[in-house]
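Each of the next two complexes has subunit A plus one more chain, namely subunit B in the first and subunit C in the second.
Moving on, here comes the complex of A and B:
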């Protein structure tokens, strides 16, 4: 019997879901006469987080009508989350920028101009800045959401064309400490293993991450592993907040913010005391490092043992507070060390800290001393927030100190290599790293940066101590260009807004958490006159070259002149980047051509030096002979693991002696509460996209602050009351959510709200990690008071 | 009216609560379940946001550990 169209679609949905879990349903759709749900499916990658879920966009008559996960993708096994699936609403949204907009002064209204005029203005302003104030008076500030091709081309024009390393991006705000941790611990950035370790792990150490909400698809795999092996698999969840992630934990350790450094040193102490360490692994692959007079110094196992011995479980339990007991610490240490394969996973709770690199090192230490690396189920895996912070920014040269292919700018040999590949004169790229994010926006404040291009991000809202840095962006002698799709708190401060193409409206590659690059080809046209950014950069560079009468600027985009912008241009940029800049480097993507990427269900993990190897998916576990082709090629002895990472010439892993130090600003009598901030699952970052989906705004119109019931009782705060959260930098007023979430003495506020009254980043401290330069969003001191009962609030997003 | 296909994972120890909780959503139709705690369901809602809200509420149902999507059709939205 024939079924209705809706029934047909429901059955399609049910059959898709059932097929993923191997369930048989008592019907099929064979023989149904209904038109298919979509006439074309285009594979791409989700736009909304670093998990890298592979998705397919279904088109009917050129319009997006359906989405589904890709079942044979190794990142998500076909599963996706609801948030990720809402991006189709942005394609064709009426608020999209569709024409270039300009104003000479920031108090004037914007007027529509042509692309030619827009790029002329951008070229003249950058050229004038260079002529009058020098090359370092211009800057680029990019994004972990930009495509690799975009980041690569922007930084090439800035470095080789405009001769400045003022190239930065918002990953500095979220994962720079993980980079610092990997480089100093393992000598190489990015995780050694892959998500595929989850199905082999016997112990999960989840710290500083609410993965159940922030990375639900990865969490599903962890949860499945635990449920399928309830007795043999253990989950340790370590966080100052109780979150849905704790639901599957065997052990939940709740501690005072920042004290996890003491906790992890104490775990190392237990592991050594109880002889649970892997002597073989340590002797074969590791050395110990301390810091003396600001310089690393080699020490021995005895020195390390003595160092961690100070962190007795009793002392650490006292420092950590919360529910931590000496016995809990011992239990966690034993679970970690004794399991056949232990996997750590963490996110912003570890990275956004004054001692974020140290916290990363201490996680990595636990893996090194127990030999929980390189074997099945064992890995130290930093989860990433944005979809292309790894691929574009870390690998593609999107930070002030690194060139493409993990090459530090300051290394003459590597810098010269890049100049040679690009065919620009030696000495063209300055040897000094540029300004990191906080330094860059401080220079904007001081008027030292005269022209800045902000791409696909909103620092006016996302920087800590935001009011302080918005002063500079408001200056009329600072020319601000924004490439974006929607109005933001930053486009409010721009002179020139360039309308950008969105996901599936252009072609390019994202590289996710697990070193995997995946392509998303153009499937629909951008609205109005919106253009892919790679087109904008190329055309701007050609105009700049004329303005500055400098043929080398033209040279930086010469291979791309005249190429069609929707696919061919991106392909040529990817080819140059992978074939010339990654070849022979640890992130070798030579085999991952567009042809290969388009064939793959799920992309390619580097190193992937040949197409044959890339077609198998690339390297699942780095440094392991027989799995990683570079480990075989660069092998220096008969040991199974070869740590060839570019940052450790001695090819050793470094176990660091890192003490517990407090946060930059601890609570005191005046500001007695810890303030921590984070993201609500429904909204993406600054709500410039999700805030425009009316249904999301109706359900989650504004930020609120979570307060522990005990603190709420002390402060006389009831659920929904309006509460003032004030620090030494500013204050906000937001509704209270009284919840057994944050530990007593801590409040937790969401940072997505654009409303001036509720923008919590005005309150956060801009102290940053001296190693990674990543700000400490997760800890500062505040005071909290009730200002009134519940109030009707208006949601707010920037419009033009 | 979007239609979405989902896999919900429930804690077998709280199976009764989980199914009772899921049955309370008029927009949710359960298509099948297995002994591993997988439940296949379809949500049909007025808007995709309503669907998102339902997913959020499903995540809060006693005994539900995770709710992920595999497919969404939005041709009418």
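Moving on, here comes the complex of A and C:
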């Protein structure tokens, strides 16, 4: 990042002073990335979390040597975190896959094969599965880290070519509940506002998110806002755990895990009782909905009042436990409702829950009843975990029930529209949604899925109850293809490993939390024979078309045949997706062409129907006339907000009556502790990437479990002791960190570890939300016992 | 930066830097920046006389943090030393229990003062405003006390810092002679040089 003039003068002064006394201050640092004298900088977007930090990759003689933030980007304002700053080291890493690897049986060693052989094998195996066991015996499991172009092309070939909706991805494990929440509350997926609201907000309601660790660069903006306005800006943090995020909070509500539904209903109760609601907003834009006999039913405001009246602050405080008092709840509700602009932010603590959609609805409810939406500083912003979960998977059709452009599979009209655009016969895409993640891997377990393509993710480590689902992947009658850059717990179970190009080795678009699409162009060549995935899919589809003697499969990749894979191919895919499939939809990206994206310092926020509008950065706030071009175009009355979301035909926001519901597995006498899991700033997910960056691995060599000092005293656990965390599904042994973090009765483990002994996801529960099908990673019951004193552990990364 | 602060830093650099090189002399102490005696060690002046070089602390250390110095270290051969950036001290306090001579006094984790961590605000990437790193804060066993964040930037509180070196080990920034952006300065040495950094 650039330094201010003042800072520069200071440093110069220091240098001059130093030179007088004959001493060099260490400004030119050895072994430090940003000091490298790169001869060229290429703008792209960070590969890790969903913040969407704009970064520049420094090249020297064509080699990646450094990475830095882009100062004029509206997402990160020049800041990056340590893992972001160091990810260029992955590009030339010696562990990278450079050649296709194959083995017929999973106990055999891999042998190197050619690309032609590899794609032949993949095509034959998928074709055989389709011929012998039907179209639904094949599946694609993708990733929120795959480029939009990749997800789009994969799902196109699977749906139009192989005629199956078994298209899923790891966003099911992190974002699905937020999607469900937005669709049911606002009728349109993805946040209404942007990060830019942070600088206008005067109350932050951060619930179920440790954004200081997981989204450090967004958190910096929240912190800046708070520190610049210590009195007028309030921060409420709601979390069973004291985290670095809680440290800036004016009010930290620490409750028993899983009781937040009661808490938020109680806040609504206070808002209504104290008449803090925005009657105009409710009358103009909202209706009330309840569920009766599994069907949504319209109710009136009185019914809602009656419903929340049950959740008195006194009752909720008793349910929630921890430090929650009726007064605290009232205080939080008043802060929320009275502030000129309240911004909620949440992440996995809300989404990865048995009633994740309900929890999302209740946050949205608070915004709707107080009218804290669409105005400056007011937003209900779900933070995204992965860099392209929004852009690629939610918008690009990467889940079993949705087609590109926010089109549900089950809607005939929209499905036929897609078939027509693709030029495939009507009825080619099956009308029934495919298998969601947990169902998909259960089907793998049962041998119903014969061939699965796992792309850019490691379900063998990231699925809850991992041991259970690894059984299926180990089966010899399940053919597993992995496209990855490094060996992972999943490539260990693969038959065919296809070496993929990494970020900056191919061209593509990522769409971050705030509806912002940003391009990363190819800057370096992939190592060895590694190839961009879009090339693999295209070539595979052509072979598949021959194997199955089905010209429609070829048709699905026809527009892309022969194009150069580093840039032109991705561009053609992006053009088809944006110009044909997002046109006229709420995520209209027609204006966001590669040309525009390459020009922008920070990408484009949809809706962006025209190039001129996209060049201004797109839509900062959806649904607001004068800001959102679609709100003007689709306006039906003279109200300032137009909620044109595709899921609510009545153009209303829905305030849902959602009762309190506990976790799927609450602690009992046998397993008396709550287990929750989470992230640390320096590592990314399964550590297959960050674990290979020595600077990061040195500081965070293995995961550990945080235990409240009171619990530690009860269990006789001292800091650093090895403890066993065991649930009904599995157990791990990891070092203990005794810290005033998790609430008494709860332990918190980090999931960044590949060692079998310490893979916490073996312990997590695989119960899932009946609406969003997202598993409840965040709460399960466990028991904890001390195994031994401190022990030196060996960090572990899967290698070939 | 204030003038006062700058001068302080300047002074400390003058006093500290030369000693980092002096770890191989026959008589000179091996204790220097990031070269620390185990927890509870008596002052360096009396250490040589009290330590019988039995190596029990080295043997008991589960993390292999403590190394026994070899002949190159002259009169200090056989005494224990921790190389903070290689393997820091995890404060398991096993060594103080086995020391037969009281060279390592039986103290608790909190009482340990092997040195004090000092953030170099010129090299720390967070202080330079280039990235958001808080590795030292994350790995600190007395997080929020010994190291806290001031506007996301790490600040050490000497009241609580045990000098265990976990921050040094974790720090991703390495510059001259293996020094990090945060380094542990042994207490006795600091007392001999500039007071009260």
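Just so it is clear, the second predicted complex is superposed on the first by the 763 of 800 C-alpha atoms of A that agree within 3 Å, B and C clash if a C-alpha of one lies under 4 Å from a C-alpha of the other, contacts with A are read in each partner's own complex, and residues count from 1 in each chain.
Definition applied: contacts are C-beta pairs under 8 Å (C-beta built on N, C-alpha and C of every residue); 3 or more make two chains touch, one makes a residue touch a chain.
What you are looking at is a predicted structure, and each value in this text was computed from that prediction instead of being measured.
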Practice prompt. May I ask you to decide whether A:66 touches subunit B, subunit C, both, or neither, giving the answer as first, second, both or neither?
Written response: first
Worksheet item: Can A:228 be said to touch subunit B (first), subunit C (second), both, or neither?
Response: first
Discussion item. If we overlay the two complexes on their shared chain A, which of subunit B and subunit C does A:86 touch? Say first, second, both or neither.
Written reply: both
Discussion item. Under the stated touch criterion, which partner chain does A:37 make contact with: subunit B (first), subunit C (second), both, or neither?
Written reply: first
Worksheet item: What is the contact status of A:739 with respect to subunit B (first) and subunit C (second): first, second, both, or neither?
Response: second
Worksheet item: Where does A:291 make contact in the superposed view: on subunit B (first), on subunit C (second), on both, or on neither?
Response: neither
Practice prompt. Considering only the touch criterion stated at the top, classify A:244 as touching first (subunit B), second (subunit C), both, or neither.
Written response: both
Worksheet item: When the two structures are overlaid on chain A, which partner does A:789 contact: first (subunit B), second (subunit C), both, or neither?
Response: second
Worksheet entry | Contacts of A:104 with subunit B and subunit C, given as first, second, both or neither | neither
Worksheet item: Where on subunit A do the contacts from subunit B and from subunit C line up?
Response: 10, 14, 17-18, 21, 23, 25, 68-69, 79-82, 85-86, 216-217, 220, 223-224, 227, 244, 247, 681-682, 695-696, 698-699
Discussion item. Please output the residues of subunit A touching subunit B within their complex, sorted ascending.
Written reply: 6, 9-10, 12-18, 20-21, 23-25, 37, 58, 60, 64-69, 78-83, 85-86, 88-89, 212, 216-217, 219-220, 223-224, 227-228, 244, 247-248, 681-682, 693-696, 698-699
Worksheet entry | subunit C partner contacts - residues on subunit A that touch it in the complex | 1, 3, 7, 10, 14, 17-18, 21, 23, 25-27, 29-32, 34, 68-69, 79-82, 84-86, 216-217, 220, 223-224, 227, 244, 247, 680-682, 695-696, 698-700, 719-720, 739, 789-792
Discussion item. Residue numbers of subunit C touching subunit A in their complex, please.
Written reply: 1, 6, 10, 13-14, 62-64, 90-92, 94, 109, 120, 122-123, 125, 129-135, 137-139, 141, 143-144, 149, 151-152, 169-176
Worksheet, complete the sentence: Counting only contacts in the complex, subunit B reaches subunit A at residues 1, 3-7, 9, 11-12, 29, 31-34, 36-38, 40-42, 44, 47-53, 55-56, 59, 65-75
